[in-house]
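A, B, C, D and E are the chain letters, set down in written order, and residue numbers restart from 1 in every chain.
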Amino acid sequence: MANIRKNRSRKSGLPPGTLVHIGEQKIDVPKITLIQYDEQDFLETEDLSLEQCAGKAGGFGGISWINIDGIHDIALMEKAGELFGVHSLTLEDILNTEQRPKAEAYEHYLFFSLKMLSLNGNGSNLLSEQVSLFLGERLVITFQERPGDVFDPLRERIRQGKGRLRKSKADYLAYSLLDALVDSYFGILERLGEEMEDLEELVLRYPAKQTVTRIHNLKRRILVLRRAVWPLRELVSSFEKSESPLLEHSTRLFLRDVYDHTVQIIDGVEVSREIISGLMDLYLSSLSNRTNEVMKVLTIVATIFIPLTFIAGVYGMNFKYMPELAWKWGYPAIWLVMVAAALGMLWYFRRKKWL
Amino acid sequence: MANIRKNRSRKSGLPPGTLVHIGEQKIDVPKITLIQYDEQDFLETEDLSLEQCAGKAGGFGGISWINIDGIHDIALMEKAGELFGVHSLTLEDILNTEQRPKAEAYEHYLFFSLKMLSLNGNGSNLLSEQVSLFLGERLVITFQERPGDVFDPLRERIRQGKGRLRKSKADYLAYSLLDALVDSYFGILERLGEEMEDLEELVLRYPAKQTVTRIHNLKRRILVLRRAVWPLRELVSSFEKSESPLLEHSTRLFLRDVYDHTVQIIDGVEVSREIISGLMDLYLSSLSNRTNEVMKVLTIVATIFIPLTFIAGVYGMNFKYMPELAWKWGYPAIWLVMVAAALGMLWYFRRKKWL
Amino acid sequence: MANIRKNRSRKSGLPPGTLVHIGEQKIDVPKITLIQYDEQDFLETEDLSLEQCAGKAGGFGGISWINIDGIHDIALMEKAGELFGVHSLTLEDILNTEQRPKAEAYEHYLFFSLKMLSLNGNGSNLLSEQVSLFLGERLVITFQERPGDVFDPLRERIRQGKGRLRKSKADYLAYSLLDALVDSYFGILERLGEEMEDLEELVLRYPAKQTVTRIHNLKRRILVLRRAVWPLRELVSSFEKSESPLLEHSTRLFLRDVYDHTVQIIDGVEVSREIISGLMDLYLSSLSNRTNEVMKVLTIVATIFIPLTFIAGVYGMNFKYMPELAWKWGYPAIWLVMVAAALGMLWYFRRKKWL
Amino acid sequence: MANIRKNRSRKSGLPPGTLVHIGEQKIDVPKITLIQYDEQDFLETEDLSLEQCAGKAGGFGGISWINIDGIHDIALMEKAGELFGVHSLTLEDILNTEQRPKAEAYEHYLFFSLKMLSLNGNGSNLLSEQVSLFLGERLVITFQERPGDVFDPLRERIRQGKGRLRKSKADYLAYSLLDALVDSYFGILERLGEEMEDLEELVLRYPAKQTVTRIHNLKRRILVLRRAVWPLRELVSSFEKSESPLLEHSTRLFLRDVYDHTVQIIDGVEVSREIISGLMDLYLSSLSNRTNEVMKVLTIVATIFIPLTFIAGVYGMNFKYMPELAWKWGYPAIWLVMVAAALGMLWYFRRKKWL
Amino acid sequence: MANIRKNRSRKSGLPPGTLVHIGEQKIDVPKITLIQYDEQDFLETEDLSLEQCAGKAGGFGGISWINIDGIHDIALMEKAGELFGVHSLTLEDILNTEQRPKAEAYEHYLFFSLKMLSLNGNGSNLLSEQVSLFLGERLVITFQERPGDVFDPLRERIRQGKGRLRKSKADYLAYSLLDALVDSYFGILERLGEEMEDLEELVLRYPAKQTVTRIHNLKRRILVLRRAVWPLRELVSSFEKSESPLLEHSTRLFLRDVYDHTVQIIDGVEVSREIISGLMDLYLSSLSNRTNEVMKVLTIVATIFIPLTFIAGVYGMNFKYMPELAWKWGYPAIWLVMVAAALGMLWYFRRKKWL
């Protein structure tokens, strides 16, 4: 699959509400999954069409959760808009994968747009996937860019019917999804924290050029995380305080909890930023230290041997009348002078604490 | 055309409301274009006089959009003020191209002043043009410094009559213009972002003097972008919350969308600033690294050869009584000593990880 | 005991309110202590079961303070939840030792989560232990991670029955616990301040590589302290302003005092951060100074002797026709030239203030 | 005139409201000018006594503007206080030339204190003069430290009777004075901006020691400008929102304009500060670059010639048994070796991109 | 007197309201002075006991000002609490000399805690003394750590009976004390400002190691000043807005003035901080400049003489077949070559602007 990234700027000049997919297409054919449950029943269906989903959801008294992996299919999105009454601006937000996390309350539904973050294999890259969440009455729709998400434990809980989930309304499902996403940030923050500690040791032990590249890369990933997390605080807070009838009182209490987690992550991110910038300073000081050390070695060797070489040079001159050359003890004497000069130098360096 | 830039300071001491063009004159003769449309009809006229425009706009039941390219003609501006009832302070704002983006509500109209940004050919310069927007009842007037703008796709949409635009009131046209301008910033942010990535690689690979100049230049352009974008947030927000009867409820929803885009751009700009300042640190550390490397080469060569030269110097002395000189194996022995000293040094440098 | 640290990320995907202990298990078997008192009586019991505690607390007209050391036992926590009516989200907060300090008001109780900080033996590490505080009517429960706390003087005051404590309600006990914790931060701030002063002297006297490591370590500890203290301000303030009937008016006055202490500690932490970042600059300048000094020694020695060596080299050449070599006073003359050159150099360096 | 600067600290311990002139006396004898005008008449009188001014102002139905150059004469100030009903705290503010710009509303008058800034001849110094403005009914009094101000164009406008000024009330005159002052800041910002651009080029081309002094000096001037401008925002805003009956509605609209200009200047100042701090970084990097270059030259020359000198030294030894010395092609061979070594070094440096 | 400094941490675990003196004891026996005055009478008594003071103050219709120098005597403090109705928390604040400046309104009195700052002899240390102020009806009590304060001019004013002071209520005395304290900060700011200017010159002329120590020390003193001044703004503002009946309307106007002074000092402190951090940059760049200069001298001398020494070395070799040695003009020719090489080098350095 070629790089089919579409930049935000492609939208310039198009009428607002025009549906354009912004970002990279990450899956070939969108995949739709429907989970339906109430306190007694549970039903999971795959590979339905959107119309089938809408029909099934409409004819069911419990909660329906439609998950759509792959959002690049404009026609599909337009159909979703029609079937579930989604405003065109909401659809535009779903398609724009560079959207800032945000929450918006419409008359008949609440809408959230968030980032699902994951580190690649060796942790050197922080992948960001947009997850949009539509919360209607008895209906939750999630839009993802590609298959694979952090919601599997949640699905398992629905299947097994343990806990509050099966007994609660759709808002509790929405909350659980939000909670799962926010919880997943903790894992990322922890891995970045571990890498930071590794780098800290490296910087102090041996400041190589790659170290600085890694510090810079880590800083970038923390900036990505930060950009995903900061708007969350406002988002969760506005969700919690929303007067929408879709939201039960008990769920608000749980949202307060998510809010606390968000603040905790933001705290962690900010501390990480501060430590990272300290690491850069540490690296520079470490480097200066090394340069200083190299300089000292050069200076010690050069200041000891350059004068000695000069003395040797003097007695290598070919003047006819150089009385010292004929002295019997001239040669040993000059050795004595040279050794004394060298020792003097060494004593001086020791006093200067260079040795 | 000579440089006829007029600075802001030229205005000092003039009575407020005195019309003085501040900035560079970018076109010889102002050009006026009139677009008129309603749901059925569409009319585009060029090269009219302002009086003609005013007459046509007054006698038409739909929306009229007058675009004026070139704002240096004071007489024309005064005429516009009379014909359309524009306050002298508004005219002053239109003429002052160093005006900060702002919105102001007057009794009969709303006024916006924004920056239209564009990168020059090779992207090394960010050009800023002031666009002023007057929104009256059934009338929108845009003032630009020179021909050429980001509104062509919008004109095309009016011509083709697709979408909401032809069915909506003048406030929707004003919103669409605002939206087009804000969308154009995304393109600029993307190009600057690409340049930033190039620079990042350059800095890590080979930190040349030009690199630092380019970083500085990029920083300046980001500051220009920032200065254009920051006031936008407040501007859009005050527009959205304005109680002017000129503003329909449905348009407010769209303005919320523009607001989100503005915040997204501001976010991007702030992240860019942070990365840029990180680049500068990276550059400095890269430079220190190179100095350190140069130092090491010098130190290695000098510390190996200076002592050897000293030894050679000793046996170049002309003392009469130097027993070693007469030894049969003196010369090979001295070579042995010298090779051993050199190897010892090399071993020391390897242990210090300088090699 | 092996390292059984459990990270926050382990919780991802679990239903909210699921009790999972996050952090390191620091004690084998939880230890429960009950202190009961009113103006006349005082009773201290150890090693009870939770049920016994609940029974005793229920049947007593005075204040009961239950202290639990060790929170990793989920079953125990759940029992506590049942017996004292603690909400599952509160239990989750108690178990999550990476929780940000916070206060929450429930219908029948107030809940606080704080950090108890202590420096290890040589002060190089700042240990953080979570202390959770449940304030009900006539009942205070404290949850700690391990035995040993800063509350011993408080216990002594209860035992001796001096002061207000025995005459006041449970809210005053809660306040006293809070006050003891906040007061303990002063001691830590003072020890860090002393270390900072030591480092300051070290940096100015002799900037070694370990110094920078110590500065970095100190900075980290201050960041830990800061993270524990900042949320406290809001916490105490919300406690003070809480409308809970559990809180007497007179206690609010005392809380105002705790609030002032919190602000004082925050002030101290911020000043410390500023001084620390100044220390880093000082270290770098100190290092540059040393490099400069090393350079000067090298330059002085090299610039004096390299030209002299050259002169000696010239008269070591073996040309047949070198008239100077045959001069009677050639050798002393060349010495004169060399001494003059060396003195000239020295004079130049003195003028440059290098000597 | 000797330096008779009086510091703020001289006031310590004096009762509040004690009139003490703080600052440098900049004129020998205060000079009083009276301008009186209404729509028809215009009268300009110089060298009056304050009593005469008060009499003339009282007996005139139009606007009177009294300008006093020189504020060090305490007796005069006290008389002004009596004649025009100025509160002693206001007089104290007028006399204290180190006063922060501020606005205050008293029952019968409004009071402003501002800074009039001017660059000296070569622009290397930013002079600050305090201008105080008293706005009563039909009366404006301005207090300046010395003759010469930015109000001459305004005086000309009054004389010529063009524009709104002659038709408006005293509040419009006060606004015009404020506007003239704020406009004068633009000129200063522009000159500083030009100097900044010069410095930018200098830094990139040749980083001399004077450059850094100039950067530092520029920074100081920008700090002075900033200190004068920041409080202005609040000042103008409070003026605009003041409920004083002295203020007409139409003037408020114009004040809004001044407010915009103030914000624009603050924006400019903040951008300048950011660029200045970037310049300092640029300077340091430029300096590091130069050091790196000097190091390279030294390293190249030294690493090429030191080994060659060693080789020459070896064959300058006087051992009896040195077979090479007797070889016929020994000398040319050794030249070959030396040239090869030098070329090898050069190739190595080229590969390292040092050449 | 031995160092009997008592740290804040000593209080940990003591019941709140326990009176413990925190800080250094600075006087042996507390000294109590009573000044009583009304419009007609004035009475100054020294060395009274507290009971006598209370009696005298109670039986006098005018204003009584009790000044206590020395606050380490707990018994005395407790007696003061009883006699004048001071809350135990207020007493605790008086005794805690590390208290942050604060104001608190109790039912029957207002309480302030401030810092009196003074520079020691050579200005290298900023001493901080806590001054607490109790304002009751017709009674002001000041608590100081040691004799000597900035209130002498105020006492003189009371004695002489000039100005408002003798005619006003106790709140005006409290205001005057506050004003005197705030005014004394100006003197300190000025002395620090002068030192800053000295340092600025030093840094640019000759960056020695002591300079950086002095910059650091100056920074510390500014941080102390800042810590004393920042809370003052809030303090004065809350005093001014306090609804206490102890406060006359006219005094509020004067407090507004103190507020302005406070803001002015804060401004000055912030500008100083910025300039100080600029000084550090300046120092570092100055140092880099010097290193660069040292490097240049070394490089010039070494690159000129090392090649020449090599040439001399070549003709010092003892090969049998070296035709040049036998040439008649060999020696002068080689001199020519060497002079040419040296001149070439010099030309190169000049072109590089190193000379």
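Criterion: contacts are C-beta pairs under 8 Å (C-beta built on N, C-alpha and C of every residue); 3 or more make two chains touch, one makes a residue touch a chain.
Note that the coordinates shown come from a computational prediction; the quantities given were computed from them, not determined experimentally.
If you take chain B and chain E together, the chains in touch with both are D.
Annotation of chain D and chain E: not jointly contacted by any chain, touch as defined at the top. Rotation angle, chain A onto chain D, C-alpha superposition: 145 degrees, expressed as a multiple of 5. Taking each chain's centre as the average of its CA atoms, chain A and chain C sit 26 Å apart. Measuring from the averaged C-alpha position of chain B to that of chain C gives a distance of 43 Å. Counting partners per residue, chain A has 284, 288, 291, 295, 298, 302, 306, 309, 313, 316-318, 322 as the residues that reach two or more other chains. Arrangement of the chains shown, judged by which pairs touch: one closed cycle in which each chain has exactly two touching partners. Around the closed ring of chain contacts, the path that opens at chain D and continues to chain E reads D, E, C, A, B. Those residues of chain C that touch chain A in the complex are listed here as 7-9, 11-18, 89, 92, 98-100, 102, 104, 206, 209, 212-213, 216, 219-220, 223, 227, 280, 283-284, 287-288, 290-291, 294-295, 297-298, 301-302, 305-306, 308-309, 312-313, 315-318, 322, 324-331, 334. In the complex of the two chains, the chain C residues touching chain E come out as 150-154, 157, 162-165, 175-176, 179-180, 183-184, 186-187, 190, 200, 204, 253-254, 256-257, 260, 263-264, 267, 271, 274-275, 278, 281-282, 284-286, 288-289, 291-292, 295-296, 298-299, 302-303, 306-307, 309-310, 313-314, 316-322, 353-354.
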